[in-house]
Each structure stands twice: as C-alpha cells, then as structure tokens.
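Next come two complexes, and both contain subunit A; in the first it sits with subunit B, in the second with subunit C.
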Partner chain A sequence: VSQGAHPPPLLFCLPTVTSEQIEHLHRRFKQLSRDQLTIRKENFDSIPDLEFNPIRGKIVHAFFDKRNLRQESDGLADEINFEDFLTIMSYFRPIEMNMDEEQLDRFRKEKLKFLFHMYDSDHDGKITLQEYRNVVEELLSGNPHLEKDSARSIADGAMMEAASICVGQMGPDQVYEGITFEDFLKMWQGIDIETKMHVRFLNMETIAHCY
Partner chain B sequence: IPSVSSIVPESCLLIVVGLLVGGLIKGVGEEPPILKSNIFFLFLLPPIILDAGYFLPLRQFTENLGTILIFAVVGTLWNAFFLGGLMYAVCQLSGPSLNHIGLLANLLFGSIISAVDPVAVLAVFEEIHINELLHILVFGESLLNDAVTVVLYHLFEEFANFEQVTIIDIILGFLSFFVVSLGGVFVGVIYGVIAAFTSRFTSHIRVIEPLFVFLYSYMAYLSAELFHLSGIMALIASGVVMRPYVEANISHKSHTTIKYFLKMWSSVSETLIFIFLGVSTVAGHHYWNWTFVISTLLFCLIARVLGVLVLTWFINKFRIVKLTPKDQFIIAYGGLRGAIAFSLGYLLDYKHFGMRDMFLTAIITVIFFTVFVQGMTIRPLVDLLAVKKKQETKRSINEEIHTQFLDHLLTGIEDICGHYGHHHWKDKLNRFNKKYVKKCLIAGERSKEPQLIAFYHKMEMKQAIELVESGGIGKIPSAVSTVSIQNINPKTLPVEPILPALSKDKEEEIRKILRNNLQKTRQRLRSYNRHTLVADPYEEAWNQMLLRRQKARQLEQKMNNYLTVPAHKLDSPTMSRARIGSDPLAYEPKADSENLPIITIDPASPQSPESVDLMNEEPKGCGGLPPSPEEDEEGLVMRVKEPSSPGTDDVFTPGTSDSPNNQRMLRCLSDPGPRPELEEGEPFIPKGQ
Partner chain C sequence: RLPFPSQGIIERDETPMEKEIKRLHQVDFEFSDIFYFCRKGFEAIVEDEVTQRFSSEELVSWNLLTRTNINFHYVSLRLTILWVIGVVVRYCFLLPLRFTLAAIGITSMIVGTTMVGQLPNSSLKNYLSEVVHLTCSRILVRALSGTIRYHNKENKPQKGGICVANHTSPIDAIILTNDGCYAMVGQVHGGLMGVIQRATVKACPHVWFERSEIKDRHLVTKRLREHVMDKSKLPILIFPEGTCINNTSVMMFKKGSFEIGGTIYPVAIKYDPQFGDAFWNSSKYNIVSYLLRIMTSWAIVCDVWYLPAMVREEGEDAVQFANRVRSAIARQGGLTELPWDGGLKRAKVKDTFKEEQQKNYSKMLVRNGSIG
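After this line comes the complex of A and B, so read on.
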C-alpha cells in the first residue's frame, strides 16, 4: 500500500482508515513532498488555497508538533514522513456507530487534545492570556484595518468567561494562570466535537484492523 | 393536577374553540363562514412562513439540507403515489359508491393529503422543545415540500381534464418541478437582495425600516404565486437572503420591531387558521364514507412510516450523524397535516370533481387525527423515549471563537488533503460574500466588520441592556461571576477599558441605551408624535450632542448678556426678555467655553432657589420693577425648555458649583457699569471668570 512504511501499530488498534483512503492520502503526500520521503514546512506553501486561511501558521505547525505525532519527546519535528502524516489525519476520523462509551470518550479527548495543542503554542500545558490573544488576533488577521485593541479585548472577555466557567467565583487577588486541559474539556462540553471535527472523505466503510 | 395546556397542545384547543363557535353560529341559524382558500393563501399563510424563514437557523438547515430535501421531495412523492394508488385500488374494490373515482382523481387526492404542513408542525413542535436536529428536519421538510405539492396539484388537476396523458406530459411535469422550486427560490433571492440593498440607505428614515422587510417578502410571495411558482420557497429564500445584510444595516429598535411584528402576525395567523378549521368543519357539506375515510387515514400513516424508514436507511449511508430509530420515530410521528391540505381541497372544482365533499371530509378527518391524536401524544412519547431536548445554551464568546477556529482548521485540512469538501465551498462562499456582496449591501463601515467583532458587539450590547434593565448599574446579576480583569492578568491596571475600541456610533448607542433606561420615568410622561420619532436619538446621537452643546452655550451667552447688561440702562424685564428673545443666535460660542460658568438648572423644578434669587436680586441692583408674576412663573430665561430628546440633561450637570456661580451672577447684577475688559466687537463674555 504505502512505499516502505507499514502504518504504525497504534493506528491499527482503532477503527481506522481503509486501504483506499491510505492510497489517496499517499498520492497526496507524494504530490506535496514532490516524490520525496518526507515533508517539510515549506512544502505546505505549495497549496494555493491555504493562503487565505487565517490560521494557516497554526495548522502547519500542528503537523510538525511532536505531541501530535504521539512521540514522547517535545518540540517540533523538522520533517515528517507518511506515517506521521497519516497519524495527523487520523485525528479527523468521523465517529462510528458501534463505538461504546469509553471509546467515544477517548475519541473525543484525542480530538480536543489536538485542538489544545494548537492553542497552546509554547507547550507548557496551559493556554495563557497571551496565547489566547494570539489566537484571536490570528482569527481576525484577515481584516487589516482592525485595531489591535479589538482582538485583545475579545480575548480578555473570553478568558474571563473561561475563568468563570472553570473556577467560578474568584476573589480579587486570585490569579487565573491559564486554561488547562481539564478546563478546556469543560469549555467544550456544550459542543459535540466528535461529530464536528471530521473531514468527510474519510468516512467510507471502514475495516477494523487489529494486530 | 396537570393543567389543560400541558396535555393538549394549543392547536387542538383552538380547533375545539372553532368547533364551538361554528356550532354556535349554526345553532343560531346563520351560515358559518368557511375558510376561503383565497384568504388563507393570501393573508393567513405568509406571515407564518415569513416568520419561519426570517428566523431560520441557517447553520443547522444547511448542514442537513441533503436530508431535508430527500424527505421533502422523495418522501412527499412517495406518499402521494402510494396513497393515491392504494386509494384507487380501494375505490375499485369497494363497489358502486366509489367506483367512479378515477386514478387521476385519487392521485390528486393523494398529493393534497400527503404534504406535511408547516403550520401544524410549528404549532406542535414549538411546545415540545425537541432537539434542534429533529426540529429542523421535520420543519425543513414541511417547508420545502410545498414545491412538490404545488407541482403535483396543478399537474393532476390539469391531467384530470385531459383525455389522454402522454409520456411527454409526464416528462414536462417532471421538469416543471424544477422550474417551480428553483424559480421560487430565484424570485425570493432577487427580492431579498433588493431589500438588503434598500436597507443600506435607510439611515435617515429609521421608522420605516421594518416596512421594507415585510413589504419585499410579501412581494416575493405574491410574485411567485403569480407565476405558479412556489410562493413558500420564495418567501423563505427572501427571508434567508436579506436577513444578515438587513440586520447589519438597521437600527436596534427596528430589529426589535421586526421581531415582534413577525411573531405577532404569525401568532394571530396561526390562531385564526385553527379556529377557522374548526368552524369550517361545522359549516362544510360533508359526505361521510366509512371505507374511504378510514382507509385514507390508515394508508396515510402506513405511507409515512414506510417512507421514513426506507429513506432513513438510504440517508444514513451518507450522514455522519446517523439517525437513530428514536429519531426516525419522531420524524414519522411528526408528519402532521394541516390547513394547507384543507385549502387545497377546498379549491377543487365541483364540476370536475364531484366527490369533492367526500375528499374534504376525508382531509378534515386526517387533519383532526394528526393534530389531536398525534399532537397530544407526542409530548409524553418524547418524554417516554427520552429523546434529546433542546439545550438552552447561551451563546458565549468562547464558543464563537472555538467554532470559527474549528471551521478554519477543517477548511485547512481539506485543502491539505486536496479534497474539495463541505468546508472548502463554505469558505469560498464566505470569502465571496465578504469581498463583494457585503460591500454592496451593507452601509458604511459595518461592511468590513468581521463576524467575530459583530458577535462581540452584539453580546456587549445585550449585556449592557440586561444590566440596566435589571435595575441599574449597581446591581450585579448573580449569573455574572466576580471574575474581573485582575484575575487573569494581574499586571494590568484596573482602569484598563474592557470594551473594545468601539466606533463612535456604537459607543453612543450603548450610552444612549444606558441613559435612556435610567430616565424611563421622565420619558413615559411625554407624548410622542410621528415627527419626533423620525429622528431616532440613537442614530442622531452625535449631531444632537453637538446641537445641544451649541444651544447650551447660546443660552449661557444669553444669560451672561442679560446679566452683564449695565444695570443703569434700566431695561424693564420685559424689554430685556424681548431683546434676548429676539436675537437667539447673536453670539457664536467662544472657543474657551470652559471658562463660562456652568449653569445649574434643574428642569424639573422651575421654581428653583437659584432662579428666584436672581430675579429678586435684579430689582435690587437696578432698582427696577418688582418681578411680575409671570416672570416668577417662568423663572429665568435660562431655564431650559423641554429637552427635545432624552439625554439632554447630561449637558447640564445638576448640583455642581452652586455658590461660586451664584456669587458670580450676583456680582454681575450689582455691577453698575460695563466691565472695562469688554471689547466692542466681542460678545459679552466675562473673561477669566
């Protein structure tokens, strides 16, 4: 199926992508990498539509983030191979009918962890006010005429809301350090991410592989 | 003890009321009125549909559009043909009483009765608060099946007159479906764009903004009906298209007006429809045929259930969020028939359809059954099956940020995969919208406002209004936590403003709302006339502010002039008043207007101590006439007349700097002559005072 690499064992034990999908992704990988074995950050520049995306920096970064690649180390990889590419793509699998409660919960946590890593750019496990401001600024980066203050105040307001959801009432001298992963989970409780965060074409009949 | 309204849905009660009224009228000996199709289609139906279309939750609707379309089109077609065919078989088999009803007549009957009715669905589903997915599925289906119904109805009606139905006719009929539905949507979109464009220029005539929304939508409906296109789809399309642009252009008050008027009209229409249904039942000529009616009822239910089951099996192959059996049950059970079916049946011509009365009886029976039995039992069934109910989530800024982030992320992933999916096209549409459409249809700087900022402004405004309406700025609602900016960013000074840098208009708008609500009592005592309403204070805020400041300065000038007029000139108070009154704009406001004494005036009490004092001082200084009674009544010429709009009072700060001003004025009055510093050309303003 793929040249040289069989998919990592982790991918197999979850209901997974089919061989057709792997074929398709492999073709795309080869296109992006210009027939090399690995992709670097620069290769993503060749995608024209990605230019308009306000958070393209964060998306590309996420591909190279070692935490997403399920590697124990931290930091950024310089290049990724097809295995890693598939690993990242697997975060966007759709939900399956036959998943039980525990699988569903793990599924959801995985996706939210991916998102969390995107927000938390300095890898310290917390989304600080500055990082959140950064996120909002990037989201609004498509509007050059906006003042800096607007993004900042929106982020501040959102952070305050997050603090009030996660901690509740706070005294005037308590300081809310940042959004941890547990708080992040709380914030997303209302939104069913498992149905929203998927890419449609990965939803074909799946064959569960298991080693 | 459960109240009646918790068991019986409102629609049922209204039909019962109609029955009673109809019975009463008949009992008296009069002929009860029947719901004429004319009135129904032209006046009663549009408000309900417009209300539904204008407030359609677009996100869920587009996400489930495929499912909705399949249910609406394929489902209705299946229902119509299944029912029509089976009824024909029944008619043939049941003997001489029904034998004469042809296939086409039966198919026509099937097409009338098979459409799920939006009015009935709305009436029942509103009360059970079911989760948004199911609500939008059933409701969307009831809206979109109008095209199918229109086509089938006209088709079979025409065919019933033909001697022979050829293949060409059938193919043309099939094509006409596309014309009817797409044409209706097209008409709606055109009118929606025109309405949005009109609203761009309404900043000076805010009062009639709501009118445009209603007018253009109704015109879309009428235009579509004129050409036998689907009026309901035109109405929905126009509401959906115009809404984002109109809401960005119109004032806050107009938005509220539109909302309340739409809700009001649709409530009234709905009530009238159900009552009339009841009355028409009593009034109509009925022809009861057991076989026909019972088999209609039976086959309706069977057709609905089968249709939903088969279609869901098919749809679930393509859906991410599959429809569970519970969902399917609710969808099938929610297929209520209503007044549209009745009106369509009523439109049938006696000449061609002699069994019209029987049809009407059967239609009414089905309507009654679905509305009463299904309507009443759906609520306990929903509870029994533990179907997910609507979540009362408040839209928060966090959610908005996350949703937008997710959208962009998924679009990015799709681009990386090279897959042109759902998100890719949505993103392209949004960019097109932002780049071209918004510039044309939204006035001023709001055309460039990104969605996140617009959302934030809306939330801030809502919070400001809530805060004020909950009884003043001092009282913090318990829902708001005590988290402040200190808690998240201790380095910031407490005075850092939390509100984003709002544009001038927005700031004024918020300030006006706050001030407005704090002065509610005073406002209520004033009577409005049409012409004062035209200048909406929110929008004219800036100009009004300047105007008032100007007026205040003029008044201050007048006062100073009055006071610095040398006392020995011995003007009678009347003369002075006349002079001041005659040249209101004699003086231009000086640049250093801060040096002018602030007049402390309390408009509510004309007989304030200050004014009386001054009047008393005046004769002392000039040795003039005692103040005439009228002057006392009037107080001082400096008294501000009725504020022309709310919020004038801010210019006159009450209660500050009483004594120094008084003293200054006294000094002016007792001054025997003109001040040496006064120059000829300049207005009479004391320098350096």
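After this line comes the complex of A and C, so read on.
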C-alpha cells in the first residue's frame, strides 16, 4: 500500500501508536515536506485548514520549539525530521485503558508542559502578564471590531484569577511575577484535560476497504 | 457542504465551537480556549480536508469494478463470485443493450437533423431541430444509464448567452443537452463524429471550426461574438478548461471564452464516482476504450447545478472574470480550485468564513462577561 521509503526507525518508544498510523503520518509528513527529509516553518503554509486557526503561529512554533523536541539546548530549531514530527504528535496521544497511576500522571504533565511552552514564549519558565496578553490578542486577532483594550482586560482578569488560585490572597504590595509550571499544574488540578487534548485515530479495521 | 461524504483517518469532533468552548469553561478563564484551537490545529496538520479530498480518489467501499480498485487483492471467494457475476451482467447484458441504444440514438440524430435541415429557415425548423436534438440526447443518456439531477432550473442558460461548465468527459455535452438546447462549439473531426457534426449543423447553427481556423484566435472570437450578438440564437456551450479534469478540482479557465462578451451562465457538473468513473484520461485511453469503460460501468450518476448568470464588471479584465466564474462553479460543485502552479488556493469565501469564526469567538468572550 505504501510507496517510497519506509519511515526511519524510531529511537523512542511509542507503544500506543500502531505501525499503520505511523505510515499514515509518514505519508502526511512527505506531503508536507514535498518529499524532502525535513520540514520547515514554511511547509505549514500549505495547509489551508490551518489558516482558520487564530493561534496558528503558536502551533507551528510548537513544532520547532526545542523544549518540545526534548533536546538539551534551548531555542528554536530551523527544521525538523520525521522523528521530531512524531515526537510532537505524541503529545496528542489519547489515553490508554491500561495506564497506571504513575503513567497517567506523567502523561498529563507532558500535555500540560506542552501547553505551558505555548504560552511561555521567552522560555524563562514563567508565563508573565505580557505573554498572556499576547496569547489572548492572537486568539482575538483578525477581528477588527474588537478593540485592543478588550483583549487587555480579558488577559488582566484571567491573570488575577490565576494569581488568586496559586498564591491566594495577596497583600497590596505583592507583585505576581508570573505563572510557573507548578502553579500551572495547580490550576488544572482536578480538571480532566487528557480527553480534550488528543487526536484519536480511527480504527482502520472498521473502514470496510475491500483490499 | 460537500455533496459526498469524505472519509478521513482521524476521528473529528464535529461539535460546534460554541458548545465545545462552553464545555471547556469549567474554569473561568481563557486558558481552556487554547485547548480547542490547539486540537483543531493538530487535526488540520494530521489531516487536511482539502488535500485529502484531492489526493485520494479511492472509494470507501468497493463498487465491484476492478478499475476503481487500485490494489486488486483476493479477499474471499464470495466476493470474487459476486465480482464475476457483476462482470457477466455488465458485459453480456448491459453492454449490448447500451450499445444498441447508442446506435439508435446516433442514427436518429443524423437522420433526423438531416431531414430537418432540408426545411427552409423558419420557426418550425427551429422547433423541430430542438425536438430532434433533445430526443436523441435523451436516448444517448439512457444508453449510458445516466441518472442526472438538475438543480436550480430557473437559472438555465438563455438565448444569446454563453454557457460555461467544468469538463470531465466528452459526455458532459450530452449531459447538458439532455435538459436544453445549445449551440455547440468545437473542432471539425473526421469519421463518425464528423458525420454527426455535418448533419447537425444543417438543422441548428452549431459552431464548428476547421483545424486551421482554430489557430487564429481572433477569427474564433469574431465568429463566437457574432453568434452571441444574435439574440435569437441558442446559447453557446463552452468548456473553458480546455481539457478533461478528474472531477475533484477545477483547473484554470482559458480566458478566451470570457472575452467574447455577453452573459455567462455557469454550470457545475459533479459525477458520483460510486457508480462509474466518468473521467477521460486521454493520455491513457483512447475514445473507443473510454466509451467501452463507460458503457460497462454500473451507471453514470451526476448532479448538475445551474448557477445565476454573471457578466463582466467594470474594471474587471477577462482573467479576473474567468476566475470569478471558476470560483462559483467550484464552490457549487464541491470541487477545489487548482491554478496551474499546483498550489492549492481557496475561494474568497474562506476569508470571510475565517473572520466569522473569530467574530463568533470574541462575541462569546464578551457575552460571558469577561469584559466588564
């Protein structure tokens, strides 16, 4: 069924993804990279559906963020290969039934870390008010009817909420530096994100192909 | 809104944005909205509706024609037996029947139009010519087991106009003439086609060009313009792509048709691939083998949409006008638009839809009282 080179051997373990799914992703990778071995930021421009997305920039950015690629260094990569592509896609794995407590916890932390990196654009480990404002502005970008101030006040309101959850009551002189990853985890305690942040592959057998 | 369902490889949550974001708003701040857009973004990256539709011509379930099965594979005895029965039915029963019908249709066309052609020019002649053309078209459509659904008949092309449609196969013309009378435009051929052309032009002013005349673009435009000027003449039928396309996309329209002037009546034709592949790949099959394949398919099922008339606007050149018409046809037929450089472009509708999405989203934020 598949033509062309087989996908390169994986250096890390992806127990939950079947080889069929990897083949699909590889085909998609080849499509995006136009048959090259690596993808650059520009290659994501060829996805018309992605254009709709207000946080398109952040999503594409996430693919090249070295923190997400589990690389030692920091900053942005210029190009990624198929293995990196799979690494990023693995953040969106759906939950498995047979996961134990520890695995589930790690799973959840990974997804939240991915999200945290999206907000923390200067890579300093904190989401500051300015960074949060940037995200809200992006979410509302392209709408000419909304004023800049509205985006600001949304961001400010949200940060205050976050501060009250993380630090509790603050004194009048206290300044809230920014949301660290621990605070971020605290905010999401008890809320089920694992089922919202995944992309589920259709079971190939259920599609009645007469091959 | 696509006429046919598209199967994908990932499960897509079709909950509308409002519902989904309301669900996520258990915590009262906008971090959760990021989830929604993040997931949508990843879904788009894994599988893009446009590219997928364009690249996969595979049917979800096999329709028992080997030609549509790209990797023919022995699956089970029962399936093979079914397939053999299918072959017998198609080749031994349907094919002779259709061939006979086609022969009757073509003969009637030639004989009928020659007879009508003997009459002096009058409204009676025009009326009879229309009757002959329509009847023979209908016989030919039956010969292909064609099931055609016409939509928006109120927009049917009027006299003195130009009808423009996307091109998938030589039978497009028959599909359209089944429902109305047109003046055909084309090159003079030899053989059987030539005989038909010479006969029909006696009854009805079709525009047939000699090979040498086609090269002279001004001559072609002049003749067509003369035809269009005469408001009593039937609308011309033109396929501006110039070549057959595989019915999932609309390629660049040649601007010549749009320089003639007059009113353009766009028509979108979309075939249902489940019953038979109507696309003529002229580099792979000649006309005879193509017709054989068509006549041994299960049926030709298609939808025809008549779109509202368009005219060239002030300050619009032929190319822009051509693109505008092409967008309208592509949108209606659920086809993608494909400029020559192979990149994928979408109609203007997308921009406004994108703004709509974002407007909706910000409306929701405002409504939720996030803004004081």
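Please note the rule applied: the second predicted complex is superposed on the first by the 185 of 211 C-alpha atoms of A that agree within 3 Å, B and C clash if a C-alpha of one lies under 4 Å from a C-alpha of the other, contacts with A are read in each partner's own complex, and residues count from 1 in each chain.
The criterion applied here is as follows: a residue touches a chain if its C-beta (ideal position, glycine included) is under 8 Å from a C-beta of that chain, and two chains touch if they have at least 3 such contacts.
Treat the numbers as computed from the prediction; the structure is a model and nothing was measured.
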item	value
Clash or fit (per the criteria above) of subunit B with subunit C on subunit A	clash
Touching partner for A:Ser46 - first (subunit B), second (subunit C), both, neither	second
Subunit B versus subunit C as contact partner of A:Phe181, first or second or both or neither	neither
Partner chain in contact with A:Val136 - subunit B first, subunit C second, else both or neither	both
Which superposed partner A:Ile95 touches (first subunit B, second subunit C, both, neither)	first
Offending stretch of subunit B which, after superposing on A, collides with subunit C (from 346-354, 418-426 or 490-498)	418-426
Shared contact residues on subunit A - subunit B and subunit C	25, 28, 31-32, 44, 47, 49-50, 52-56, 59, 89, 92, 115, 118, 135-136, 139-140, 142-143, 145-146, 150, 153-154, 157-158, 161-162, 187-188, 191, 193, 196-201
Complex contact set, residues of subunit A against subunit C	1, 21, 24-25, 28, 31-32, 44, 46-56, 59, 89, 92, 115, 118-119, 135-136, 139-143, 145-146, 150, 153-154, 157-158, 161-162, 187-188, 191, 193, 196-202, 204, 207-211
Of all residues in subunit C, those that touch subunit A in their complex	7-11, 24, 26-31, 33-51, 55, 60-62, 69, 71, 73, 75, 79, 343-344, 346, 350, 353-355, 357-359, 361-362, 365-366, 370-372
Parts of subunit A lying in touch with subunit B, wherever the complex brings them together	25, 28, 31-32, 44, 47, 49-50, 52-56, 59, 89, 92, 94-95, 97, 115, 118, 129, 135-136, 139-140, 142-143, 145-147, 149-150, 152-154, 156-165, 167-176, 187-188, 190-191, 193, 195-201, 203
List of subunit B residues in touch with subunit A within their complex	320-322, 391, 393, 396-399, 401-406, 408-419, 421-422, 424, 427, 431, 448, 450, 452-453, 456, 480-490, 497-501
